[in-house]
Amino acid sequence: MALLTLEHVTQRFGALAAVNDLSFELEEGEVFGIAGPNGAGKTTVFNLISGFLHGSGRILLDGKRIDGLPPHRVTHLGIARTFQIPQPFQSMTVVQNLRIGEYYGSQGRTADGARRAPWKDLSGLIEFVGLQGKEDRPVSSLKLYDKKLTVLASALATRPRLVMLDEALGGLSAVEAELSLALLQRLNKEWGLTVIMIEHLMSALTRSCDRLLILNNGEALRLGEPRAVVEDPAVIECLVGGKRA
Amino acid sequence: MREFIEVLITGITIGIVYFLVAVGFTLCYGVGRVLNYSYGSFFTWGAYLAWVLAVGYSKLNYVLVFVIVLPIMFFLGVAVDQVLIRPLRKRPEFDFSVILVTLGLAVFLDNLVLVIFGARTKSLPEFLTGSVKLGGFTISWQLIAMFIFALVVAVVLFVFMARTRTGMSMRAVAQDPTGARIVGIPLFRVFAVTFGISTLLCGAGGILLAPRFFMTPTGGWTFLVKALIIVIAGGLGSLRGTLYASFMLGIIEAIVGWKLGLLWVMPFWFLVLFLVLLVKPAGLFGATARKG
Amino acid sequence: MLEVENINAFYGEYQAIHDISLKVAEGQLVSIFGPNGHGKSTLLKTICGLMKPASGVIRFDGHEIQGLPSHKLVEMGIVLISEERHLFPEMTVMENLRLGAYAKPARKKESENLEFVFTMFPKLKTLAKKRALSLSGGEARMLAIGRGLMSNAKFLAVDEPSFGLAPILRVQVFEQIVALRDRGLSILLVEQTTGDIAEMSDYIYLLEDGRIAFSGSTDQALHDDAVRKVFLGIT
Amino acid sequence: MKRDRTPVAALPGDRPKALRFNRQNGITLGLVVILALLPLALGDSTYTMRLLIVSMIWGGVAVAWDLLLGYAGIFNLGQIGFFALGAYASAMLSQNAGLNPWWGLLAGAAVGAVLAVLLGLPSLRMAGIYIALLTLAFYEVLGPLLTVGQAVGTGGKRGISPIEPYSIGGHTLSSGNQVPWFYLALGLFVLCLVVCYFAINSRFGASFIALHDSEQFAQSLGISRYKVSLLIVAISGTLTGLMGAFYAHYTGVVSPRILGLEVFIYLVVMVLLGGVGKFPGPAIGAFVVIFVSDWLRAFENFRLLIFGALVVALVMLAPRGLMGALDSVQGFVHHRRGRHAAAEAPAAETDGPKP
């Protein structure tokens, strides 16, 4: 059975359909990329899955419906996410941010009813993302990259099975972006986490995704193996324009 | 029955004056995102300024009173916006700071009145005395004058908002502040003018209602709360909602005051507000009450 | 006419544009291309005074204009046509256009400019009494451009004019933009994708992640590998 | 007032830190110890004792209110309504139903809690600005309601008076001897401080501070916004109602005048002066306000004029209050002392324009 299933999901804002009749399935252990032009509805898809928006259609996790649940319930079921612009808790230190995720995120049960064990020790997680030495720094004193890491680590502290990354590389230097990508690979390979990522840096997507979904005007334009997808004339037309490249 | 219709007429007249008061409040929020809690004090100030001119220190004609007081109210509003509100716009907690600062200002202004004029109630004489019999109903001239004046101000306001460049720029800022900047509307100037107009309307309401209620230094609070209830019931920022809610609550006030006494008016208003919000959480014409 | 030198701009601490310099000469149509989220809109907003640059210089007709409030810039003739349109939804088409002529220099020429807008977009004339929120995507785009033209602009910054439009309308809008250039306006245009407008431009910049990845004349730009790299992530 | 709150002392995992000595609990402890010893120094200065008792009552309310304003970011302007109804509930139970006043404390707390939740249920789903409107309307309507409520025993405009004082072991407390009153008030004041301190410095506190800091992020980490807000409102309402009940029996009179503007503006100044979101600043603010106001008694009408101006001045010029000023002083000292360690200091942030 697929881990996550979207069936005919639609979200309207007034007359505009930000997401229109979108369906796809996500297998456990996949890295799934989403790209598309401005306003294609990428972040809306994230908001629908994570419970910040409630549109029409069905969203299932392990075959059980999760659409209609409030955000914190979705988190308790094992879906974590990050945000395009990271806004960690400014009045707390790094480790305190993580503890919020650890405590409030893992008190629920997974979709199959099993209790998920809380983190015994967060230092492993801190080391994993590379924030060691900064645990007790107030978040407000961090650079953007470290803030992104803090948000990511807090999301991971909820013990998710599926993590959704919204523009994880945006605004980072080339080196930082490389580090983030490597981190993402390890999440997938070593931790066995399923990953959905929205990204505008196409090179990152073609390199790290198993499958790539191109959204356009809220609809799925093409879904498949990344290389094949970006060579597709319709996708080129959509992303590059004209009949070029 | 006859009595009832007379009460109804009173209700409609109060309603239109309340509209003047409430519309200024809602305008201030709609355009400048300012919840002005010193609004009641401007109401008081309007009434006291009129008293100074018409009773206390000279015996001016009412027309002259309006001509003198309204511009003063306008500039008072502009000054408050420039000195107190504008510097706060840079702050992340703008809403919160504005509420506190206007609350403080309200207490200051009220007590300034108290210090100058004392705590004893004052009253403005009616503009006109006597009454007229129309088809069997007795209506006082005062009520008719109030109605006509308020109606004129309301119509002028609507025309101003619809036709003039300033009115249009106010609507533009309310509908899309970024759009307004794109076409070159200076936001801060529009905020200031809006605040001035809002204060002017409030002051006008104060003068109109002063003969009906006694004036006290803290009497404005009742009207602030009335404006609040009207505005919440009508939908914050909506002119049309404000209009309907004003008439509805004005009529309720007249009926409740007639049957049960004025003391019961506020409890009933709150009950109505509660019922409205139960059905429509954003008020009659509001769209943005809920958290997005 | 417009010179941008080494500007940097941030959203909070998120650096949206890095050290960008560009030039638009009088009567030129200059286009900037790049995928979404790469700082194009931020660049235009910074030029038009909706955002303040953290550092750098913007010169218009020789005057330094960075940090001036937007209404001053509109009076100088710098006008933004936003991708989000920012129309006044509750107002009629006519009222929207009239507000376009809010700036003092534009008021004198209001009727003249209105005439011009209506010859350019005859459709708007028939829609004059409709409220802006009831317009279709293409109509709203026309209105946004029309409103910009009412400001008596010397320099237009156009943000993704083709966004959300059907292909046929897209071509139409591009043709109108070229027509404006031919009438002597200077235009800085931003698009996500290179399309027909690329060939019509006088000069092209490619933006990647807030930095200029490539710049050159139209012929050079369109035959460069940079396009493939920036847009598709492959070489 | 998001930007600079005293950093959280403790969170899940480092729980003992809440009990470790820090500035927050240091100042609180110091305040309480000084207060506890004061009666020894003051002897039978009844007048000063009275002022101190009133300060403690309002100090408790101010801290509870700040829990909403400063920490949870809920613009509740009806706090005094909880206080007044707590007072009325206790007074009515003892005067009309003949209940022992001690039960009134419980009743007052319960009324405060229920009222807060009732007001919170509809308004917490709305945007902050609507909460400010609705709660102010509630507060303003309460006066007329209590006045017309004569039929159910509110005593109308005159209110309820006299109200039976507490008695301990058959000995009734009198206004002649303030010392028992003082320690009773101190007990309740400490209760408020302790509850608020642990509300702020606990797992639960972390959750509403997280919501205030970054709502979406907090929700995405598994915090239920609605549940947490309702709980914090209930806690604040309980403490306020409790203080109201005590107030009724201490002063022996309760009337709609408690809902007057004067009391409201005093409370605002207490919180602002002490520092919004700067526990225990508002409690200290209460002492300053009560004593300054007493000192200004001679000025009569000018008193409120001054306090109104003070609110304006504080918001405009010193929005962080006394505790904020203390932060700055401490920051300055740290800066002087630790200049050599500047390399450790976080890099200056670029303060770019907001979108």
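Details
The chains carry the letters A, B, C and D, assigned in the order they are written, with residues numbered from 1 in each.
The definition used in the following text is that a contact is a pair of C-beta atoms (placed from the backbone, for glycine too) under 8 Å apart; a residue touches a chain by one contact, two chains touch by 3 or more.
Predicted model, so just to flag it, every value in this text is computed and none were measured.
Touching subunit C and subunit D together: A, B. Summarising the inter-chain layout, the chain whose CA centre lies farthest from the centre of subunit A is B. For the pairs A-C and B-C, the count of C-beta pairs in contact is higher at A-C. We define each chain's centre as the mean of its Cα atoms; on that basis subunit A and subunit B are separated by 50 Å. The mean-CA centres of subunit A and subunit C are about 32 angstrom from one another, to the nearest whole unit.
Distance between chain centres (mean CA atoms), subunit B to subunit C: 42 Å. Taking each chain's centre as the mean of its C-alpha atoms, subunit A lies 41 Å from subunit D. Counting partner chains per residue, subunit D shows two or more touched chains at residues 2-3, 349.
Along subunit B, no residue makes contact with two or more other chains.
Shared interface positions of subunit C, i.e. residues touching 2 or more other chains, are given as 11-13, 15.
Interface residues of subunit C, counted against subunit A in their complex, comprise 11-16, 33, 35-38, 83, 160, 163-164, 191-196, 198, 209-210, 222, 227-234.
Those residues of subunit B whose C-beta lies close enough to touch subunit C in the complex are 165, 168-169, 171-172, 175-176, 178-187.
The part of subunit D that touches subunit B in the complex is made up of residues 1-3, 69, 75, 77, 122, 125-130, 132-134, 136-138, 140-141, 144-145, 147-148, 261, 265, 268, 272, 301-302, 304-305, 307-312, 314-316, 319. Remark: subunit A residues 50, 52, 70-72, 75-76, 80-81, 83, 87-93, 95-96, 99-108, 122, 137-138, 140-143, 151, 154-155, 157-158 touch subunit D in the complex. Residues of subunit B touching subunit D in their complex: 35, 37, 84, 87-88, 91-93, 95-97, 99-101, 103-112, 114-115, 119, 218, 221-222, 224-225, 228-229, 231-232, 236, 263-267, 269-270, 273, 277, 281, 288-292.
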